[in-house]
Each structure stands twice: as structure tokens, then as C-alpha cells.
Amino acid sequence: MSPLAPELDTLLGSRRDGHGLPRAFYHNDALYALEMQKIWYGGWLFAGFAFEMPKPGDFLTFTVDSTPVLLIRDDQGEVRAFHNVCRHRGTQLCRTDAGHVRAIVCPYHSWTYSRQGDLIACQGMHDGVDKSALGLRRLHAEVCAGLIYVSLSEAPPDFAPLRAEFEAAARPQGFDRAKIARITDYDVESNWKLVWENNRECFHCVGRHPQYVKANFDVYEEEYASDAIRQKMAAAVERTQSKWALQGIAITHTHGGLAPFPDPDHDLWFAADRTVLVEGFDTESMDGQRVAPLMGDYRDADVGVLRMRSMPNFWVHASCDHAVAARLLPAGPRTTKVRAYWLVRDDAREGEDYQLDQLLPFWQLTNEQDWDICKWQQKGVDSIGYQPGPLSQRKEYNVDAFIRWYLKQMHSGGRDAAARPLTRVA
Amino acid sequence: MSPLAPELDTLLGSRRDGHGLPRAFYHNDALYALEMQKIWYGGWLFAGFAFEMPKPGDFLTFTVDSTPVLLIRDDQGEVRAFHNVCRHRGTQLCRTDAGHVRAIVCPYHSWTYSRQGDLIACQGMHDGVDKSALGLRRLHAEVCAGLIYVSLSEAPPDFAPLRAEFEAAARPQGFDRAKIARITDYDVESNWKLVWENNRECFHCVGRHPQYVKANFDVYEEEYASDAIRQKMAAAVERTQSKWALQGIAITHTHGGLAPFPDPDHDLWFAADRTVLVEGFDTESMDGQRVAPLMGDYRDADVGVLRMRSMPNFWVHASCDHAVAARLLPAGPRTTKVRAYWLVRDDAREGEDYQLDQLLPFWQLTNEQDWDICKWQQKGVDSIGYQPGPLSQRKEYNVDAFIRWYLKQMHSGGRDAAARPLTRVA
Amino acid sequence: MSPLAPELDTLLGSRRDGHGLPRAFYHNDALYALEMQKIWYGGWLFAGFAFEMPKPGDFLTFTVDSTPVLLIRDDQGEVRAFHNVCRHRGTQLCRTDAGHVRAIVCPYHSWTYSRQGDLIACQGMHDGVDKSALGLRRLHAEVCAGLIYVSLSEAPPDFAPLRAEFEAAARPQGFDRAKIARITDYDVESNWKLVWENNRECFHCVGRHPQYVKANFDVYEEEYASDAIRQKMAAAVERTQSKWALQGIAITHTHGGLAPFPDPDHDLWFAADRTVLVEGFDTESMDGQRVAPLMGDYRDADVGVLRMRSMPNFWVHASCDHAVAARLLPAGPRTTKVRAYWLVRDDAREGEDYQLDQLLPFWQLTNEQDWDICKWQQKGVDSIGYQPGPLSQRKEYNVDAFIRWYLKQMHSGGRDAAARPLTRVA
């Protein structure tokens, strides 16, 4: 009811190259509604892990803005996705985050859908109701390397490239032979884009994430690092290179700083890479000591960190012994629901093979430090005094990439490129 | 400030015959504002019971959306209704749900109104203030069969037909010789129309209201009922028919299923009927046993259930010994305030003549089961995946009738009929 | 995104002379947004007291609607004001109400600003970043008689007239040699204009503020007061007149009723005056007894009450021994944040020189009585039944003045005068 067509082009064009997004992008209701259409209902969303619903009839649910989605393993063992809404009067069907059903029975009038989504019973309806036209509205779903993706679009982007990259990268990690050690749900008081902008740079890590910078080289750019740091990085890469090759895994990001992502110029909305950890760190734990049994195919702790991410709602950091993932879901212009997952190998026993007080702190701290940042940034960008500032050409190239990726999606059908990329300092 | 005239006709016309309402109707702010004008500020609203304000100076208050209303018994013993707002600076006058005053004194500057609504004192104002022009803004009010109705319209619909029907139907029940055993206020997390759609069918009763279906025949349509059920219904009708005649009351709904209501084709926004209960049920209690003394003129428990209702905000189920009423008030597109009333005869003593733990459960359960349904239906119809489904021609003819009644009010001044009625299965 | 230009003139013109404001002014989002622009971001806002930030590096913060402001004492001891937002990514900088810093360091990426607001470090940015263009966005700030004022406008109104008046009036009170005995923050559930309309008349004092009317003559207009009251007022004025002259202070409001304020016809948005108290009241305390040591230059308790106020967000009542101030900040159309300050002389010791249970009640009661009034008035003016009523020509001339001042600001650039003033009864 409030199309912003005439003003949209002006707004989208108002972003200055190399700078942050203008104020309106972080709280305007009409822009938020457009983001839902163009990005959240258009692309692929990470929904959960396949091992969360191992058996036929197992289901997961989640809600994108105000749209509830249902994932269910069908009788053939395939993961299917549907709008979690009865075709009769529109009632939400499954109401818990996860569960198991023999059939999907609407709690209102008992319309009953098979695990394939077919309407199989609707007693009390008149004769002549065409059941075949009243199955659950199906959504595209894909499972890849143990991750479940859903798209609310009728014609989602090609999934094959993500599959190719993630399956190759994630195979040794064994996301398909994992289990959840802990899920924590957060209501982050900020626009979802601030969460991503925060995630896309490690400029803030020195000051905000003391535990993180001890383990990772992200904060250093090779060009600017001290000789000592440069040597440490080179040594770490050299040490692991041959060893990893034996295990069939490869370092794919050997430099300091974050690997470039996303890439609006090549329409790359997903990426995976593996980096080394600082000497003395076997895993992303507080002291670098392993906190759980080796996952997947790993025979050795020295595998660095596998990092994967996809726009607009997923990232994971996977060490030799555990992985920590995040799933983002928008819930209004100023609220983002984030689910944090801690994964360990499926046969690990809490209290014996791993202790939560050793497993959780590294990313619990890192996450909560970031949500606090995002909250205060939201308060700032809501100000009439906020003006987008310059992004660091050394450290915020990925924030620029994110903003350009975002603007390109919002423009889709329109201009080709949203902006000139940040001149990255070589 | 946001008229939706150009889009309104399109929206109102977008409902498909025999199906539910499109998504926008359940959350759009502009549609909600229009509903306030066309329906809530246009028709007659049930406000409460006359016995709640027996003496001159007794008052009741309630709020429709953001408009506070005051009912007061004047010095002649008549019930008057006013905008509950001072004519001076606009302060809300009476602030409790009910009370007693000698005069209505504004707590701000002590402007004082008689119980007739006349401004009788405004000390501190300048000479020449025309008190006669500054009485409380009066609203139409009617009392009928012990029920108080108010209209916020300057030219409300004719009240005489409702009076004729309700007085005849309700006379033996004695709503004017009753008292309140319990009031419970609910904030139902759904649009007010979902509350009505839920109320207008008993399709859901089998699965959701086990206590209700034991007592009532509503879930059965004669055409589809088993022979056993059909015989039970016929026997119940026959058993009571002659007996009731002696008491001067009549069964007016002898079939299974809900009596048709509302009737947009004949502009019927109120209805009353009496139905039999299942053998063994003297009243709508958990075990069918009486839970309070007989009400009104009843000399025998076997009087079935008197049901009355009026659009847009009232219904009551009255058994021989108690009655349970509901008053709906909208408080935004996604919130409906429902007041549930349990009535017994006025001289019944709690703990002696009735026990709350016997009186309350039947409708407490039924109400709360319904509010839960409505909440989850709201979550579903908020989804972009919601598409209105087909209504059962056997069981949801009244949901169709409600929707067509609603669309006709929204169209008023425009098209004659909103849609073709559901083909009801004969 | 929702300009209301076409409707604005109609709305602004819809106020009837001598009456309250129409309904829309108290809850409409677009009008609220325009008020922010025209009034809150245009004029001078009281921010706090200079003694709250005595030393270089001391800071105060507050938020106007959604715009955070920072006040800091710079290295030269001057008070500076800035948008409390980092020039890099827009994060809110200082997060507590008050504090002390050596430099303003953004908690996100450690951009560092001097106390003068200059960007002095932004390690991690690329070479060539022009630090000189990235200092904090400065706001106009003034300190006068110990009060700090800030304007979010680039071209605020002339501050010199306020300074002249307040410095003369406030000198003996010693706001610059005071300290805070108590701060209480209130979220008043009403539009900010209702808070002012309440403040601008003492018509309601008789009924609502029993403690207040014992101490003050405000409720009486000379023309209408009884002979007894008139003699009491004359005696009080005569008694103090010569005595005050010796101390160099003057009664400036010798009549009953409130001194006229604001004055839209002469664009007066601030005022100060001194009035006598009722015989037996040395101060605005419950029993009239002094509750703290004499403030400022006072040598005698008999100094009446100094009252100062400025649109749109400040007033103070200062007795011989303490002062109570209020700072208003809007937080949406139906919420006003009010900070109440109780001040005493800076060397007074709690528990010895003053007791909070003697100091607080007079204004705690008066404030909370008023916030309750405002809440219920908001509920009333939200009603479709609200129609603006006539203002008392005896007692509400200042409400009329406020409304006309308000309309004139909203019109600025347009019509000269918003309305004809209330005919004040002579």
C-alpha cells in the first residue's frame, strides 16, 4: 500500500561510493518491505542442518519476517519445504521449532497433509473439493553438505554453484555426521544489514574481540603487518600446507584479512575457504586447546578453520573439533533474530567428550560482543546527525562489497551495477 | 491521512466467492481504520448488562479502539451513553470499568456534568461560556432484555427489530434479574474478524472442544449425521417440544449445525434461537449437571440453550441455570479485547448456590481454546504464503455469511451485494 | 516519505480561536515528524547544568526523539556539543548519561576524537583519509547562568536575549554553585504538548495539587480573588519589596495567576520572573519550612520563588534553599521523557544539611499528579469523540499562548500569525 517507486531510485542512488549506507536504509518501513521481496523472498535461505531432521516425519520450522516455513523429511527421506500455513483457513500448522509427525494435521479443522505435502483428508468439507489442488504450497529446498537451504521464490537462483563449492569444502568437516551441542537464540536490536556489516570486517576485532584475535590472523593485512606477524603467518601456512595436502584439504585463504565476500561484480552470494590458525591454537577455543573429539574425516587437529557463508543469512566457523554457525532472520527494520549453533561430532557425549563451559565461551563472547555493537550502531544510524562515513580501503572492502551486493539486489531489473567498488589498498 | 479509496474497491473485490478473506484484511492499518468507521462506529455495540448499573449514578465504561465510552444511569433511571471525554480539554472522565457518581466531575479542572450529561458547573471559566452547548456528547443507547447497546453513529440502524426479537427470546432467561458471577478479560492476539470466523462454525469443535461437543449437537448436520445421531436429535426435540410449549418457550433451531447468522442478504445483524442439548445435559457444564439455581422464569432445567448474537461484538449462550456472554472490542489490527461474562440469577450466593469451579470450566476451556486457535491463525494469515482456501459448504456457511456481511458493510454506499453466497449443501 | 504538505495548511488552520488543538495534533505521526523538524531540531533545548560536567573531559548525553547528543567540556573548559555519532560507521559514541573521558573513543573501531571533537586517530583506515573533514558534527551550545543549552539547528535563533534575561534573574540563585540532590526520570504517557498545556495553567491546581496551592498564589487572579486573598497577596508583596531590594532582587510578577508565557506575538520563547510565596512558606516544601541551606547569594529565606522556562523543554522553580527543574524530551507522539532535577547548594551534605524525605515530596507529588493528568488527557484526545473546548479567558491564557506559539513555529516560513489570541479577561 505504500510503494516507494518514485523515491526508490533516488534513495538507492544516494549512496556515496566507498561509504556506508544512508540513514533511511536502516529503519524505513517501505525499504524493509522491499528488502523482503527482493532479497529474503528471492534468494536462498539457510534453514538448519539435515541431521536435525534425520527420519521421515521429522520437521523444522522458522519464520522469515512474518512468513512461517516448514521443512519436513518425506517418506522417501527427502527434505521438503512448504509454507507452514493450512490451505483451508490459513492457520499456522506446525508450531514448535522442531518435532516429528506421522502426517501434518492442522490443529484447527484437522485438514491432514501427508509428509509429501499432499492433502489427504479434509473431513467435513463438501464433496467435490479438489484435494489435488489443495496440497501445501511447496517451496524449493536443497540439502548440501548437511546444510538445508530453502527459497521462498518461485524461480530461485541456480543452486548448483553453491552445492559444488560447499560440498567440496565441507566434505571433511562432516556436517552430516554432527549433532547440536547447544542452540542459543538472540533478538539482536538492529537492522539485519548492520549484523552483516559487522560480520564482514575484522577491523573491530582488536578492540572488541580479544579472544578472537589471539586465535586468528584476520586482523592483519599482509601489507601492513609487522615482520614478526608476517613471519608467523608464513610459518603457519608452510607448516600446514603439506600436511593438509595428505588429508586432501587445502588452505584457500593464505593471506591476512578476511577473504573477499560477497562479490557483487560476479554475483557471488556464497563462499567457502580454509585459513590457518595462530600457532598454539588447534581450535577456536579460549586457550586454543581442543574442546571436543575431531569431527568428520579429520585425523589431525591441525586443519585451521573452514569458513562458509551465504547471503543473506548464514555463516559458520568450523574448527577441527567443533563448528559454530549463525542463522539470521529479520523481524522488522530494527530487529534481527539470530540463532547460534554449536556443533560437535554426532557420537560425542556431553560431560565426557566435551564440556559446555569449554566449548561455548569463545563464540558466545564473540557473538554477544557483536550484538552489543550492532545495538549501539542502530541507535547511531537512527540519528538525524548520522552521515555515512568512509570505509577503510584496507579493512572494510567486504563491507563495501556487501553494500554493493545489497544495492544490486534492490535494483534488480534495473541498473546493472549499484556503485563503483571501493579502491582496495593493494 | 492515508485514504485507500483507489485501492479499496480492488481489495474488496478481490475476495473469491466461497473462500476466506485475502491477507490484507487481517493486518492492514488502513483497512482497520475503515472498519472502525464503517462497522464499529456505525452499528450497535453491546456494552454490558443493565443490572451492572442498577441505580441512578451507576456507570460503566469501555473503549472501542481508542475511543472511550461512558454509560450512566440518569436521575430518571434511564441509561444514557456519552463520549467519555471532557468538553473542556478532552480528558477522559470516568476511569474505572464501573462505579457510582453523584455527578460526573472531570478530574482535571472539575468541570461538572449532571447524570443527564449537562454541564452544570465550570468554575474558573469566564463569564459568557455557554454551558448549554458544552454538555457531554451524547450517544444513542438502548436497553433491551437487560442488555445495553450503544451506537457511536449519529444515525444508527433501526434498533426496533433487534428489540422485538431479543425481548421475545430472552424474556424467560431473566437477564434483568441476573448478576455477574465472574468477568474475565482477554487480550486475544488476533484480528477481530478471526474471532468471529471462529465463532461462526463448529467445524472445529470435534477436534478442539471435547467438552462442548458432549453437550451440543452443533457439529452434526442432519444430512450427514449417522442414524444414531439423527435419532438422538429427533428424540431430544420431541421430548422437549411439548414440555417447552407449556412454559411458553419454543425450540427455534431444531436442526444440527449452527443456525444461519449473520444474513447479509436480508441485512440481519442479530439473531436469537433456542436449541436442545444432548440427553443427559441439563446445562453447558462439564458433566451436564446443573451448576446454579434456575434463572428467570424457568421452572424446569430442560430448556436447552438460548443463543443470541449481534454484529459486530456480542454473543451469549444461556442455559437453564447460567449464561456466558462475550463482548468483543478491537484494539488494533492484531488485537481483540474480549470480555467473558458468567451470569447467574441475582439472588444466588457463591459457595452456597453455586461453586465457581463447577460454573466456569466449560466456557473457560472453550474460550481459551478458541483464543489459541485465533492466535495461530493470525500468524498464518500474516504469511505471504497464505491464500484464502475454500469454505466447507456443509459446515462453514456462516463464515461465508460473516464475510459477505462484512464486505457489504465495507462497501456501504457502493455496491449492493459483496459476493455470491456459498452454495450450501442441502 | 510521507510529506503532509497539502493537508498541513488545512490542519494548522483548523484550530478554532480560543480553543484547544484538534485531535490529530496529539497522535499523528507526520505532524510529530514535522514538530521534530520545526521545533525540536530548530530551537534551543535545555540539556543540563554546567556543574554536572565541571572538568575538561566530563560529558553528558541525551536523546531527542531518536537523535543522541553529546556535551563535553573541552580542554579549554568550554562546553561543546556534538552529534553523539561516530563519523565512520555511525555508532553511538558515549552511552551513559554522564561520565568522563580523556578522549572520545568509538567503541567499534576506536576512531578517536579529542575533547574538541577533532578526529585525532583512526588507525586501520587507508592513507589519505582526510581527518580534518571527519571531526564530530558540532552543534551550537551555550552556557548561561549555569544552564546548558544546545541547538540541533545550523542557524539557531539568537541566544543573546535569553542570556540577558536569565543571567540577570538567576544570578542570586547560584545555579553555578549547586549540585544535584536527586534526579528522577519519567516516561510520561502523553504527547509533549499536553505536558506543556498542563504546565501553562494553574486552573487545575486547586483540585489536583493541594500541596502546591498552600504555598503559591498562582490559582488566584486578582480580579476574582476574595478580599481576604487580595489583602494577603498585597501584604506579601509589600513585606518583601523593600527587603528584596536590599539583596538586589526584585519581584517581577506581583499579580495572581501565572505570568504570561510564551508570547507568540513577540516571539518570546523564554521568560523568568520572581513571585512571592504565601505567608508562612519560606520555600516550596510540604510545610513551608526550609529543607536545605540557602542557595547562591541569598542571605535570607524570604526571596519568594524564581521561575524560569524556555520552549520547548525547560522549566524550573527555585526557592531560597532548593530548585526543582524539568527537562522534556519527546520519544514518539504519545511519550514524553521528563527528567526532574532537585538542586541544592553544592556544599550541602545529604543527611546533615538536607533530608531527601523533606526535600522531595512537594514536587514529586506535583510532578506525578501532573503526569497522571497528562496520561488520561492523552486517552481522551485520542477519542473520535474529542472536540477542542473553550479555554478559560481567566485562567488558560497561557495555554492559548502556547498553542499559538506552537502553530506559529509549525507555520514558519508561512503565515505570520497562527490565530487571534484569547481575549483575556481584564
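Chains: A, B and C, in written order; residue numbering restarts at 1 for each.
As a convention for this text, contacts are C-beta pairs under 8 Å (C-beta built on N, C-alpha and C of every residue); 3 or more make two chains touch, one makes a residue touch a chain.
Since we're looking at a predicted model, the values are computed, not measured.
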### Message
Given that subunit A and subunit B are copies of one sequence and touch, is their interface built from the same residue numbers on both sides (over half shared) or different ones?
### Response
different
### Query
Any idea what the CA-fit rotation angle from subunit B to subunit C is, to the nearest 5 degrees?
120
### Summary
Taking each chain's mean CA coordinate, subunit A and subunit B are separated, in whole Å, by 48
### Message
Going by the contact rule already set, what residues in subunit B reach two or more other chains?
### Response
none
### Sites on subunit B touched by subunit C in the complex
1, 41, 66-69, 83-93, 95, 107-110, 124-127, 129, 134, 137, 152
### Sites on subunit C touched by subunit B in the complex
2, 4, 7, 20, 24, 28, 30, 197, 203-204, 206-208, 373, 376-377, 379-390, 392-395, 425
